[in-house]
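Going by the order they are written in, the chains are A, B and C; count residues from 1 in each one.
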Amino acid sequence: MSLSHTDQNLSLILQLCALIAAAVVLLILVFLLSESWPVLQHVSVWRFFSDDAWHPAQDLYNITPMLSATLLSTLGALLLSTPLGIASALFTRYYAPPALAAWYRRLIELLAGIPSVVYGLWGLTTLAPLVGQLHPPGVSLLTAILVLALMILPTIALTVDSALRAVPVAYHHSAAALGLSRWAIIKNIILPAAHSGITSSVMLAAGRAIGETMAVLMVAGNVVQHPHSLFASVRTLTANIALEMSYAMGDHRAALFVAGLALMLMVLLLVSSAELFKRRSLCLQIH
Amino acid sequence: MSTNTLATCLIWLAALFVTAVFVCLLADIISQGLTGLSWSYLIEPPQDAGRAGGIGSIIVSTGLILLVAIATSAPLGLATAILLTEFSTQKSTFAQFVERSLDVLSGIPSIIFGLFGNAFFCIYLGLGFSILSGGLTLACMALPILIRTATEGLRAVPNDYRLSAAALSMTRTSALIHLLVPAATPALVAGLMLGIGRAGAETAALIFTSGYVDRMPDSVMDSGRALSVHIYDLSMNVAGGDAKANSAALVLIILLFVINSVSSFLANHWMHKRIIHL
Amino acid sequence: MKKLGIITALLIIIVFAWFFLPMSANNASPKGSLEKLVLTGSSTVAPLASEIGKRFEALHPNVRVDVQTGGSSRGVNDARTGLANIGMASRALKVKESDLLSFTIALDGISIITHQANPVTALDRQQIIAIYTGKILNWKDVGGNDAPITVVNKSEGHSTLELFLHHFGLKNTDVKAHVVIGDNQQGIKTVAGNPNAIGYVSIGAAEYAASHDIAIKLLPLGGITASVANVLNHSFPLSRPLNLVTREAPTGTAKAFIDFARSVQVNDLIEAQYFVPVAH
């Protein structure tokens, strides 16, 4: 079908807008690269992984401790909040009476809107002393994991909930007609059908956990070290940028942009693996 | 005990646990924040580094930042969503490129937006620490959510609409203006609200772009402190700022709750009523 | 079709208006004579500078004082590069910064703080050094409970850290910290939430917290009680000036602001932020 003149004009304008929207990512990448260029010129990329420590003032730029802290805290938070989030979604969809489900969902929506500073503040003044009673210093990898888990739980619960909503009601009905128990229906029919939605929701949550800054800065302790236990104080990549950006200059500032690039790469990896996963599950569905 | 009963118990337990934890958290925040909350707190400017006075100018700054974000991201996001749904097939390379970039954009940590906003808007474009810089940075952040919701909204409009329009030999443009966009308006507004809700909770991206000045802004070129930055500064940098920080936190939560509720109401109820299945 | 044109035109105008309107408004409006004074730097000085700025604006309606926070090094650097009219530093200028001028507006001290319930009432210089370098790990070695010490350190770039290290002759690479904090209140909250923590923060902030039912206490240093009063009479050993920094001798508004910030007219503001005024 050929487009009329007006349509062609509109299409052009729209393409321009879409191009701008898509270009933002490239712009961000270009800026991160150009800002980190000064340090990349005379410090090889390898040194960001092999230097003895992170002391930009002494020309030492090892970011691996922060990388491991970011990965571990994200992983821990996911381990905690994925089962709880899925359980929450199942609860609202299949277990709770409608009125209760509506209230529960409202509560979760409310929590999804609480800003990270507030979670951080609460973590620092309430949670950290509790953890500190178990094992000092209180602000630690564990506290960060707990706060992050709380923060991403609403995300997981809400997105899994909408993934479950997308499963055709007929599936549920026909399985029930076969006399399957509720749990058997959920385990064998609903969850497999909502599989790709659930995975992408976990990926989304992982992205949020990796990128969380202020809350983690307040509760993780911020010592640059490879965590040797759950109670060790750690510094994540994001917290490092937030802590040092405000005064960093010269090579140090550029090194922080390198840390930003590393974060960006992690997110890219996450997004593309989610994409791969989506395609694979699509193929499976077709076969 | 059968697996079925066990699963039922576990799921109820999990829901109960989540509720308990979050009710504690909310009760904490509300009880600590409510004492300092009053009308005068909402309209007075902060005094004594925020220990006294209110958050009037901070609310205005936050509002302006969000307004800039809306004004820039709404037209851009709407246009992109229309392009993706109405003017390209999902398989076209351009559409895929745009969608992929938006996926990545939605995953970018807020601190990176802060770094980028600082380097690009503040320094490169020379906007300095200003409400404009902060708003534009947030606009970049809100774009992917906005586009995704708007795309879903447009896709939810039944194909009958498009076919009937074509049958009447309407151009796609006028079909868009008269049929599709009006039908999808709730989803578009919902997407906007959702994006703004995420942007409004932001601290890390704003500290480096809109800055620290807590005076009532004269124009969008002024630096203006956002609510979340104010909360962070009061609780981390000002002795005796906790009480006011808690009240400000409560105000922000209420604000975001209203925004989010409106968006979910629009997405769930209004949208269903709007669409007529032929 | 006309409608489409109007709508797209409107959209474009909105976008462009947001980009350009503010700039043209700044140039063309009658308030064009507005003068902006930008201060950046130390997070310790920033709240005080904001308050002084507000009072200064009230006296000079055509001046806007913009205060951006960061760290002292940032303040010094921004003053040098001209990014800021005036830098803020919560320390004296270093030797290699002698190309800049500094103007002391107030004094502050740094106090060692512990949890209120900690029975240890004083630590000598050697003990503090041993604790911060990880040679003493348990409070019982310095006369306290049998509990591991949690060492709270400041993150780099803050002058509180530099001053503390300088006073005790330490290097930051030697410090074995368990917690690293950014701003003062984070330190106070961390110590108040951990009975076995030791940290150091601005005296004013610590004294305020201790007198407002927050579970910390200030340890004396070299036998001198850590208090704002002892900073005032110069007997407290770990004190520092809060400085405004400029590249060259200030003129015009910058000079007026610095003079104002050093005058008795702002003493109440300085005291309200728990610092010690220098003007009498």
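Just so we're on the same page, contacts are C-beta pairs under 8 Å (C-beta built on N, C-alpha and C of every residue); 3 or more make two chains touch, one makes a residue touch a chain.
All of these numbers come straight from a predicted model, not from anything done at the bench.
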* Measuring between mean CA coordinates, which chain is farthest from chain B? -> C
* To do: Could you see whether A-B or A-C has the larger number of C-beta contact pairs?
  => A-B
* chain A and chain C: spacing of chain centres that average the CA atoms, whole Å -> 33
* To do: Calculate how many whole Å lie between the centre of chain A and the centre of chain B, each centre taken as the average of the chain's C-alpha atoms.
  => 17
* Please set out, as single numbers or ranges, the residues of chain B touching at least two other chains. => 75-76, 79, 171, 173-174, 235-236
* For chain C, residues contacting two or more additional chains -> 1, 4, 43, 69, 182, 186, 189
* To do: Please list all residues of chain A that touch 2 or more other chains.
  => 6, 10, 13, 218, 246
* chain B partner contacts - residues on chain A that touch it in the complex -> 3-4, 6-7, 10-11, 13-15, 17-28, 31-32, 35, 83-84, 87-88, 90-91, 95-96, 104, 106-118, 121-122, 126, 150, 153, 157, 181-184, 186-187, 204, 207, 210-214, 218, 238, 241-242, 245-246, 256-257, 260, 263-264, 267-268, 270-271, 274-275
* Which bits of chain B are touching chain C when the two form their complex? -> 48-50, 68, 71-72, 75-76, 79, 129, 132, 135, 171, 173-174, 177, 211-215, 218-223, 233, 235-241
* Structure fact -> Within the complex, chain A is touched by chain C residues 1, 4, 8, 43, 69-74, 77, 147-148, 150, 152, 155-158, 172-173, 177-182, 186, 189-190, 193-197
* Can you name the residues of chain C that touch chain B in the complex? -> 1, 3-4, 7, 11-12, 14-15, 18, 22-23, 25-26, 31, 34, 43, 46-48, 50-51, 54, 57, 64, 66-69, 182-186, 188-189, 204-205, 208-209, 212, 272-274
* Residue ranges of chain A touching chain C (in the complex, touch as defined) -> 6, 10, 13, 53, 55-58, 124-125, 128-129, 132, 136-139, 217-218, 221-224, 233, 235, 243-244, 246-249
